[in-house]
Every structure is written in structure tokens, then in C-alpha cells.
Amino acid sequence: MASSTTPPVLSFPPQTFQKLSPSSYLLRHLQSTPPIRPSGRSPNVFREPTIHTNSLSHAHGSAVVRTGDTAVVCGVRGEILSLTNGEGKAKGGVVVLRSSEDNDEGFVGEEDGGEGELRARSLIVTNLELGTGCSRDYHPGPPSDFAQTTTSRLHRLLLSTTSLISPESLRISDTHATEIETKAYWVLYIDILCISLDGNILDTAWASVIAALRSTRLPRAYWDADLEAVVCDPDLAKYTGLQLGQLAFTASFAVISGVGDDGKSVILSDPDEFEESVCEESVMVCIKEGGKIARIEKGGGLACGMEGLGECVHRARNRFDVWERLVKSALV
Amino acid sequence: MTDRRRINGPSEGTTPPVFASAVVTKPTPTRAPDSLRKIFLKTSLTPPATGSAFLELPSPAPYPNSSTLKITASVYGPRPLPSSAAFSPHARLTAELKFAPFSTPHKRRGYVRDAVERDLSVQLQNALVKSIKTGAYPKSGIDVFITVLDCEGGLDGDDDEGVEVGLMGVLAGAITCASAAVADAGIECVDLVSGGVAALVKRPQNSDAMDTDGMNAPMLVLDPSPADGYQILSAAVVGYMAGREEVTLLWTKGSVGILDGEEDELDLLMDGAIMTATAVRLVLNEAVKERMLLGLARSKGKLKEDGGGDVAMSS
Amino acid sequence: MPISILPPRRAHTSKVAEFSRSSYDDDRSAAEEGEADVDMEGDIPMSGALQRNKRGGRTSIVTPGEVVTDDPQWMRGHGTYLAVAEEGEEVGTRIVATVAGTVTKVNKLLSVKPLRARYTPDIGDLVVGRIMEVQSKRWKVDINSTQTAHLLLSSINLPGGILRKRTSTDELQIRTFFSEGDLLVAEVQSLFQDGAASLHTRSLKYGKLRNGYFVKVDAKGIQRSKSHVLTLATANGGGEVDVILGVNGYVWIAKKTSLSDGKKDGKEVSITRLEEEASEAIYSSVNEFIAPATRREIARVGNCVRALVRHDVRVDEEMLNAVYEAAVEESMEERGDADESLDGDGGRRCVEKALGLDLFSGEFKDK
Amino acid sequence: MAPSTLTTLISPAELSYLRSSLALVPPIRPDARTPTQFRPLVAEIDILPSTNGSARMVWGDGGECVVGIKAEVEPTEPTSYGKRRNWVEVGVEVQGQRDDDPLGVFLGMTVGESLLTPTSTLTERLVITPKFHWKLYIDILLITPPLSHPATLLSLSTNLALRSTRIPRLISESDEDPIFDDDWDASIPLYSITSQLPPITLLVVSVEERNIFFDPTREELSVGDCVLAISLASSPAHDAPKVIGVRTLESGTGGIAADAKDGVVAASIGGVKRRVIKRIIKESLSVGKEVFESLQGVVDAN
Amino acid sequence: MATTFPNIAIPGQPLAFATSYTPGTGVHVFNDQICASIVGQPQLSTPASPSRKEKDQEVKQVLSVLRPASGKSEDVALVNLLPQVGSMVLARVTRINPRQATVEIFVVGDTVSNDEFQGIIRQQDVRATEKDKVRIFSSFRPGDIVRAQVISLGDQSNYYLSTASNSLGVVVAHSDSGDPLHPLNWRQMASSRTGAIEERKVAKPI
């Protein structure tokens, strides 16, 4: 930046500078020693989460999760899909693939159970709603593209990546019949409302899904042959929780390139809204119990190599421990 | 009709659980008729918004038989109107109230806005607009978003069995919560608006005493809840500016008689709702001050955190 | 009684309408003559609406798509189209209505005059309009037409003398002249190719409206005439009231002010002085003091205009004065619970009195 | 695009003139009506032969409302959480407006709410047998939006339509599937002499503390301090009507708050004193009584 | 004058009789009393223009209610964030055509706005003299950051801005090749790297 004339130095207050040139503002912060993010966090620091469960009165399970200024409420509600009345009569009802995604994931026949059954019957209904006034960018009405993509990422995590819910736990059978026959299913409606959005909605929303599912208790449902309908037992003591698979948590990262003179990149854990708006490259790591890597998503740039990914996995494993401790203590 | 932009449930449709012995015994009222529930009200819980608030009426009994009211409000603005909007010499206020899918009893709600939500949104907007100095903000918009996370029911409306006060409670809570969020946003208002509900109920029959004619007069209940178990004859909700002693909204349901001379039921009902709103106002006052006090304390610490200096930008 | 709910009266209005139209509207009476011709040539076979017309009464109402006639002697006019030839026909002869309205014939030209129509601007028309939108150098004005009219910043009188040059400051302050919602009286200066009007207010007669009340009637209710600005001497101490009958059906009724007749305090004022006076108040939105008596009479005049239009009687100085007189009498007679709004029977009585005829039977009454 | 005929734009000079006229003692309404006077209405009932009841009402300014009521037999679901309120479905179509327009929503809510007030016993009368009930479809069409708020017109038309509504007489036993008498002359009126009559909703606007106006026009609404829709019910016993619902409506022009020096009164800031509301409601009771009588006149004439 | 004000006032709260003080910002007058309009701290200040100290008339102090800054950008004491006639703004040029430059205002006064307000700088408002010689293309380019003053609330979508003053005009710009430019004089800027000169309406550096 050498120049023969002495350029007059223009100075702006930080907030003006941030608006004027967001990426230089972020870079300038990360170039300081030690590197510090505009929020005051170090690059590898996640925001401290909190979890509260079962605070909603009409949901079968619920959780409120807050990570910094990102806050979501997740409610799980069970409703009954009857196989005996309506069009989808008895078994052998027509199974319709609901989206092209089913094919990508490799559809397994209904009888095999697992993901195929859940998908074919639409037993798990996940939706993320951002049109709540959680941020100035999202308005009430049909979901934005971002909400739709995030919803489908969550849905995929739930059904494919983690196989958290087994279809058996949702079947309602006629136990008195000679041959056990599935008469109905529980359908789990998982609705996630973001009430405050400051970046990294995925990690927070996913944690809320996990916590809400773990807090879910459904009434005992049985087939009443006389009424020819599924009936539930109002006895609270007979409500049961869901049989859930291994815990899994996600950790998201923003990769900022060109920080050092050598073009070195910096990986930011748990990016906030401003950092997300500036960064072009992102990484998501989903870790299952035992530190197993369940999924890695990466997109948008080339700065993060193997070494960087390794760093992400390392941080995600630590993050898993934080979430696990929190989820477990929230449900004592 | 399925919404292809969301993940939908089974096309065959699902039903909420039906319970074997649906013994719906109405609870017997335990609260004193004039006692108000404790309100939890806190501002600035949605930091991206210009102003925000959260309101909760905690439930007295444990999960899952009791229901509570939980409402969030966020306010954006004054901000530029969309370019398609016509010039407006004052701020345009919009209010949008939405119920979360899991907020209502019995059945999950869909995401598409229905008539109840539209009706409450318009009522809320009318109740608020009278308090805001819209003239101070030419050609701008002030948008209020309300999300009902949990409510006490009442969406099915009234029938021969009695008046539903659930929605009135939602509206009253939404008014209080939204007014707190508007104040939190630093938008100029002539007063704060608080909501209050009152109901006239059938006097619970004393099992011992014989029902005498004189005891048949309805009883006034402040801040009624559907969970109280009263048979509600009529109910009213007001939006009230206690500082100016002015009503910005009145909505009554159920038949109220104007008795000759003696006690006018409508007066009783309205005054009861105003009494509730006035009590709620005290909570509202404290809630809007809280952030300022916090802000005063924080502003000192914040300076250090920022380093206090400008980031120089050389050309 | 605060409310009166009447049973409907069926099918009498058309007769009245016909009568009053034919007696007051020259164009229409020409049309009537045309019809008479047809009647005389009764031996020509007719079909469709015309046929019915002949049997039923003197007017007929056709709806869009209805065949008015298939008699090839007629030429199609406004509000109709010529249907394509059907099988077996060489040329199409059927004339089909495109609007709902009355069939009118001038010589061999057959047209359908719409029952309800927006105003179609013509150069030189005096119109009352409302500002819908303010743009950087012009206003968009609602004049009850299918298109909004334009008023250019260069087409108005600027304060401080009509000959002052327009400056960029005027553009910045465009809202101080007219802003959204303001009413104005203007003249149609020219028409754009699409039929939209361009207005001007470059005369002291035109400009912003205040001190009064706006009445909207059907655009057909006000017909073009020599004078569209009337002054009524009202009763009951109301003083003089100005009535501006916009050709577009927008009517402004206001207290007559010193400015509006070029006098100040009863004295003639020189033109230059007048301009200065005018320029001060020309864009003011503040009303002068208007006595309750005047307001009451302004309301009555407004009701009279509405009553005349409702009963299809042409609004002009003579009729307005006559109906107004009748309305004043009516209110004296029935004191207290009179139907001052002239919305119902009261209005009909006043119009009948003014016309001197019975609107029901179409027969003249003794005055 | 053609400008809307329903423009709510109004100039400061008009606002000021209207408001000051209405604030006078005695007030002067722009069409010279007295404060409690309604504009004359033309009404007829039983106009749609294929309905169970119908009515049509026309206002002088061209405002017109047609109401048709159809009753259909519907099985009563034993386990349904839905309350009986779903037995009545109100649809309001305001010509030229989207069906989710706030006005239509408001009108529909008001009609539904006032019909189903607990004292109406309407749903009790809709019960056919323990397993079946009548479902009432009330379809309301506002043809030309009148210059004034259509609430009053709509409510009076609906009232007349309901009073002309008849349902077939049941001839089967209560435990059978219902069978009805096909003789229309044997049908039963939905609202009998003894039951509480269908409600009406009056629109009332106040200007300053002293003046209250019934059947306000759109321009009167725009300068009012407080607009209330008051629903009233009356029994044929001819006692005073009872208030069964009150709703506040948007008033003022939504923020015209120009300074007093401009001659425009700030009508949209601030609420209204409770004593004003009480006065409005009380006055509407006596006016409502006369409206019920007039409606009775229409029914009697048929 | 020993009126004590609450530490924090809330909207609708009466603070003093309207006869005692001149109402400032964040307050309104109702029933002859000055009441708070926002949540904040009541403050007294002396009117800025001492010249109006007219004879017997005692100069009233101005009573305002101000929001204390709490770290959030919009909490800066300014009550009204909207651009007003006279406001100094920073704006980014988004489009240009021969008649005007379209900009997005993102700083109003000292406050960074969360939402951008659209504005235009018309050809005749670019500079104070020789207005008819102004060419928009040699004054602004898309991406430039401009300091300007609001001269009119404008039409439905635009605020009207002016740069007709020495201190107003382009403050940050980049050359066609993306290099930062620095001001040479009021109508030229030069690339820091190549020294190439580009035309702009340059704000006088402070």
C-alpha cells in the first residue's frame, strides 16, 4: 500500500467500518494478536448453550435451547396415523415416495423397517420456522429458501445420519390378535421455532430436536377391537418415552481465508450471523457417541484442507461432550 | 392441500390421541376470584430485533394437565417501507400474531395463517397503534411479530356451554408483551398499553347451602383462565393505557344485562378488565425499566471491551 | 325512528329515468327519435333485444354477450361488436353488446351506453380530483377515470406570482403544494395517447380545495355544461355556498370565501393584489371559520346533488336551486324527524317538487 | 391500474371540516342526518328459492348485501374435540377484495361470535338426533362496498335471512338415521317465537366525548375517536336488548397527527375514556331496540 | 426548579408541567404536562441559542428523555434513527444514470442503521456551482461511499440527498481495477497503486 503521497487517513467508528467493509472488518480483527473475533470470542470458542426441557404444556416433549443470541423452541407432538380407515387401508396400502431425496439415500423396503418405513409413511415430520420475527431478514409466510434447506438438513440428520428413532417404537399393534399386526403408527411432528437468530441455527436446532425427543413421553396407545380404533390410556404413569438411538451432535464452522500474509485461513467455531454473512466456506461435523464421525459437510471454498478438517473434527468432539453433558443434565 | 415448501405428515392425515375414559371433570376453582396470576415479563430476549419481550403466565399445576401462556414479541423499526408501498407521512404499524404448531391443546396447528390469527393480529394492531407516535416516523414501517408458544386454548370459540376466554388471554398477553417490545425498541409512545381480562361466571354452587334466588347473580373473576373451571357467562378484554386512563381496545363476548339501576354487568366486566390491566401495567413498568438499568451498567464495561478506539482505515 | 327499512319497489326507475333523460338531454332525445323511426318501420323483422324492446317498453337493458339485433340495417357503435358469421351466413350481421347498458340508436348507428361507467376525460373539462401519488416532478390524480391523471409541477401556479420560474427547490418541496389525499379542481389540458388526462391549475379558478365537503356521484350524473362552478344563496343564514361540479362526478361544496369571487371584504381587489393574496392561501390546507349554519346548508346542498343524480335528473344551476328550495321546505314541514339525508322518500319528494312531476307515473303534477 | 374506488385518502382540509362539524353541539353530519339516524334501507326476504333462508338489503349509495343460508345434515362425531361452534360456518365475500382481507375476516368473526353466544341456544336447536345435527352454512355476499362500513348492513341482512330460515321437520325416530318431511309447509322456523332472536351488530363512532353517531359513513369513521361494533340480542318478550359482544375497530386514519396549527386534529393518538364507551353502549341499546322493531316489521310484512 | 425526576422514566409518565420547561426529544405534552415518550433518563439542558435571551422572558430549560447507550448500535442517544431533512449520512452508490445516482444510506448522523434507506443524488444536487455542467458519471461510481446531506424526504421510495458542499462527496472509492483511490483534489482521485487518476466529486478530507 505504498504511495508517494501521504494518503489522508480516514477513520470511522467500528460499527460504521463494519457496515462499510464487513470482510476487512472481520479480517482486521482476526489479524490482531491474539486473533479475536468481533464478538470477543477466540476463533475456537463456541458459545455457551443452555437447555430447558418440557416447558410447553400441549406438546408431548419440548426443549428450549439458547446458544448466545440464537434461541429456538422445539416441540414434539404425537398424532396417530390409522391404517384401518381412510384410503390407506390395512397393510399393503400404497407406499408413495415423498421426495427425490428418498432415492438418493437408498430406499429400503417398508418391511425392513428403519429409515424406509419412517420415510414411506412420513412418520417423522420435521419443520424449522424462521418467520417468527427472530431476525430482520425473515418474514412470516411461506418458508424462505434458507429455512427449507435447513429443514431438510435436519430431517436428513434425523432419519439417515443418526437413525435416532426406530420405527418399531412408533408402531401401534393389535396385541390380542393371533398374528401381530400393525394397526396404526405414531407420527411425530417435530416443530422447531427460532425465536432469536444470530447465526449457526443448525447446531442449536439440532440440539433442541435431540433434547425434545429425549423429553417426549407418549401415552400408551392400543388397538381397541370393539371400537375399531386406536385408544390411549390417560394414565400418566403409563406414558412412555421414545426408544432413541445413540446421541449425536453437530458442530458448524466458518472458514475465513486470507487472514495472514501467507493466505493462512482461520476456522471459526459456531459462527454468528455477521461471520456467516462474510464467510464463504463452511464445515459441519456430526459426531456420534464414542467420538465417531457420523457426517461431514463442507462447501463453498478450498481454504480448508485435511489439516483444517481434522481441526474441525477435534473441536466437534469437544463440543459433543458439552452438549451431551447438558442434554443429560436437563433431563434428570 | 399440501405445502410443498414444508415437510408434511402422512397424506392420509393423522388424528390426535383419543383417550379411553375421557373423563373430563372440570376442575374446581382454587384461586380467589380477584387474585391475579403472577406474570413473568422480560425484554430484549431477541437481540437481533430492535426491541423484544417475552411473557409467561406460569402454570400453578405440573405437566401435562395444566396449560400456560407463553408469548414472544419482537419489534423491527422504524425501518424503510418496502419500495412498493405508497408514501406515508407517518409510520405504518403492522402486527402479526402466529400460534406455534405445538401451542394449542388437542391438535397440532398448521403453519398457514387462519382467521383466528388474522383477527387477533388486527385487534392487536388497533390496540397498539393508538399508543405509538407514528407521526414522528414519516415513511417508515414498524413491524410487530408475536409468536404464541403456549396457550390455554379457546381457539374453538364459544358455544352453548359457555364463553371461551383462552383467546382473550392470548390477546391481553400479546398486547402487554408487544407494548414492552415497542418500548424496548425505543419507539416513541404516548403511553404503554397493558392487556387485562375479566369474566362474569356462574357462581359456583355451594354444596351445602340451597340455591337461593338472590345468590344467582354472576360473580366477577379477574384474569380468568380456562383451567379455573368456571362456567363463564361473559368476558371482556381491554387494552388499557393506565397513564392516560384510556382504553385502546375492548372485546367482549357473552350476554351482559344492563340491570336497572343496581349493578350494570357491562360496567362490572369492563371495570374488572381495566383493574386487571392496571395491575399488569405495574409489571410492564418494571420490565421496560430493567433493560435500561442493565444498559447503564453494561455501557461502562462495554467501552473497555471494544478497546474504545476507532479502527483506522487507511486508503 | 332512527331507521326505516322499506320493501323494494320494482321496475319503476327506468320509466322515470327515461322521462327525465329525454326531457333534459338533447343527445338522448335524438336517440329517442331514432327509436321512433324503428317503430314506424315495424314491418322489418327484428330479433333479440330490439324486438323485446319494442314490445316491452321504451328502453331496454342489454348485458354483455347479448345479441342486440341481427338486422343487417344497423351499424355497430360503441359498446357492441359484430359477431362472426355463423354457418350458412355470408357475413355476420348480429350485433352483440359488450357492456351492460341501454341501447341507443342514432340514425343507423346502434350503440350500447353503459349503465355504470367511469369518466372519460376530454380536453377542457373541469374536474375535481384527488392526489394519489406524489412523484418528483408531477402528481398522479384520481379523477374517477380508468387511468389516473397527471398534473405536472409545471402546470400549476407557484406561490409568489404565476409567472415565477420553477426552481429545483420547488421540486424538493413538491409536497407543500399538493400531497397525497389533497383535493383540487383543475382543467383537462391534454390527453395522452392512452387516454390519460394531463391537468393544469394555471388559473385562479383552479387549485387546492378547502372549506367544504366532497361528494362523489356517478360520473354520468354530471353532464358537461357552460358553467360548472355555481354559487347558491342558501337559506337559514347559511350564506353563499360554492358548488363545483366536476365533469368526472366529483363535486365540491364549500363556503364561498372572499378569494373565490375576487373580492376582499366586499371590495374589488386589483388583479395583482389578488394574486398576492391568492399565492399566500393557494396551497393552505387550513379551513377558514365556517359557521354551523353554513355547514348545515353545505350538507343539504350535498344531499340535493346526490338526490338529483339518484333520480337521474341533470344537475345544473336551475335544478339544484329548485331541489334545494324544495329540501328546505321539506325540512320545515316535517320538523324534527325529517329525512334530512334525502336518501329515501324525502329525496324523491324534493326532486318531484323541483321537476313538478310524479316520478312514479311520469305524470306532471300541478305546481 | 385504475385507482381504487375504496380510497381512504382524505385531505387535511376535509378531515378538519368533518371533524369540527361532527364535534359541534348539536353535531352536523355531512349528510345532515341526526346522530342516531340510519340511512334508509330497502330489504326483502326469501329471495333465493334453493336456500333454507335468504335476505337481501340495499343501501341508498348502492351498497348491497345478499345472504343465503343452507342447512345440511352432518353426523355428530362422538370423540371430536371440535366444539359445536363448527356447526355454523360463516363465509363473507366482499366484492373486489381478497378473501383473507381483514374486513371479511372481521365481519365473519363478528357474525359467528354473536350467533353462538351461550344464551342463543342455537346449537341446541341444530341437534337432530344424538348422532346427527344440522350444519348451517351462512354465505354472505357484499356486492358493492358501500361508502360506509358494511358491518351494519351485513348484520341486518343476516338477521333477516336467519329469521326466514326454515328446516325440514324430522319424521323418523331419534335412534334412526334421520328422515324428513318433504313438505316445505311443514318445515319449522329456525328461530321460533319463543327463542332469542338472531343478533344484530351496530356500528357506532364517537367524536369528542359528547357526540355519538350510528350508521357512520366511511368518512365519519375516519375522523372518529372510537369505533365500536356492538352486537345485540333481543328476545321477542320485548324487553330491552342485551349486549352480547363488543369489539373495537380501527378508527382515525391511522396516524394523521398533524399539529393543531395545521388545523388538523390528531384523532388517531390516544385511546378513549371508559365512560365514553359505556355511554356508547348504553345508547346503542335504545337504538337497537328500534332496529329490532323495524326488522320485525319486515318479517311481519312477509 | 428543584423538581426531581425519576431515575428512569417510562412512556406516559408525567415529568413536569409544560409551563416549567421546553419539551425536548423523547417527550410529549399531554394535559399540560410534559410526559416521557420513551424509556430513558430525563435530562435538562440549556437551549443552544443564547441569542434568544429576550428581556423579561426567562429562558426555559429543555426537558428531554434520553436512552442511555447500552452497547447495541441503535441505543445511541438518538431517539429517531430515520433520515430527516438536514441529516448527514453515509451512503453506498448502487446505480448511476445520467440524471442521478441511486444510493443506499447506511449511516444516519452518527448511527449505523440496521436497514438501508434508498436515496438519490440528482444531477443538480451534486455540487453547488456550475450545476448544468455536472456529469454523474464523472462524479460517482457504483460502490463508492459518499457523505451527503438529506435535502428532502423525497418520493415514496427515495430520500433526496445533496453533495453540494466541500465536505460532502465521495469519501471511499476504488478504481476500475479494484485498487483503493485517494483524493487529490475536489474533482479527482488517484489509485494508490498505479497512480492512475479517476474523476469523482470528492469530499474534502477532514
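As written, the chain order gives the labels A, B, C, D and E, with residue 1 at the start of each chain.
Rule of thumb we're sticking to: contacts are C-beta pairs under 8 Å (C-beta built on N, C-alpha and C of every residue); 3 or more make two chains touch, one makes a residue touch a chain.
All of these numbers come straight from a predicted model, not from anything done at the bench.
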| item | value |
| --- | --- |
| Mutual neighbours - chains that touch chain A and chain D alike | B |
| Selected pair, greater C-beta contact count between B-C and C-E | C-E |
| Identifier of the chain whose CA centre is least distant from the whole-structure CA centre | B |
| Longest centre-to-centre distance from chain A, chain (CA-based) | C |
| Farthest chain relative to chain B (centres taken as mean CA coordinates) | C |
| Inter-centroid spacing, chain E versus chain A (mean Cα positions, whole Å) | 43 |
| Computed distance of Cα centres, chain D from chain B, in Å | 26 |
| Inter-centroid spacing, chain C versus chain A (mean Cα positions, whole Å) | 65 |
| Rounded Å distance, chain B centre to chain E centre (Cα mean) | 37 |
| Chain E residues counted as touching two or more neighbouring chains | 30, 114-115, 153, 155-156, 172, 180, 182, 192 |
| Interface hub residues of chain C, defined as touching at least two other chains | 133-134, 180 |
| Residues of chain A touching at least two other chains | 1, 7-8, 10, 13, 20, 136 |
| Touching chain combinations (by label order) | A-B, A-E, B-C, B-D, B-E, C-D, C-E |
| Interface residues, chain D side, partner chain C - complex | 2-3, 7, 9-14, 16-18, 20-21, 24, 28-34, 36-44, 57-58, 60, 156, 214-215, 262-264, 287, 290-291, 294-295, 297-298, 301 |
| Residues of chain C defined as touching chain D within the complex | 1-9, 118, 130-132, 142, 145-148, 180-183, 208-214, 285-287, 290, 292, 295-296, 299-300, 302-303, 306, 310, 337, 339-345 |
| In the complex, chain D residues that touch chain B | 79, 81-86, 100, 102, 105-106, 108-109, 112-113, 116-124, 226, 228, 233, 240, 242-250, 254-258, 266, 268-274, 277-278, 281-282, 285 |
| Chain C - residues contacting chain E, complex | 133-136, 168, 172-173, 175 |
| Interfacial residue positions of chain E with respect to chain C in the complex | 122, 124-125, 151-156, 160 |
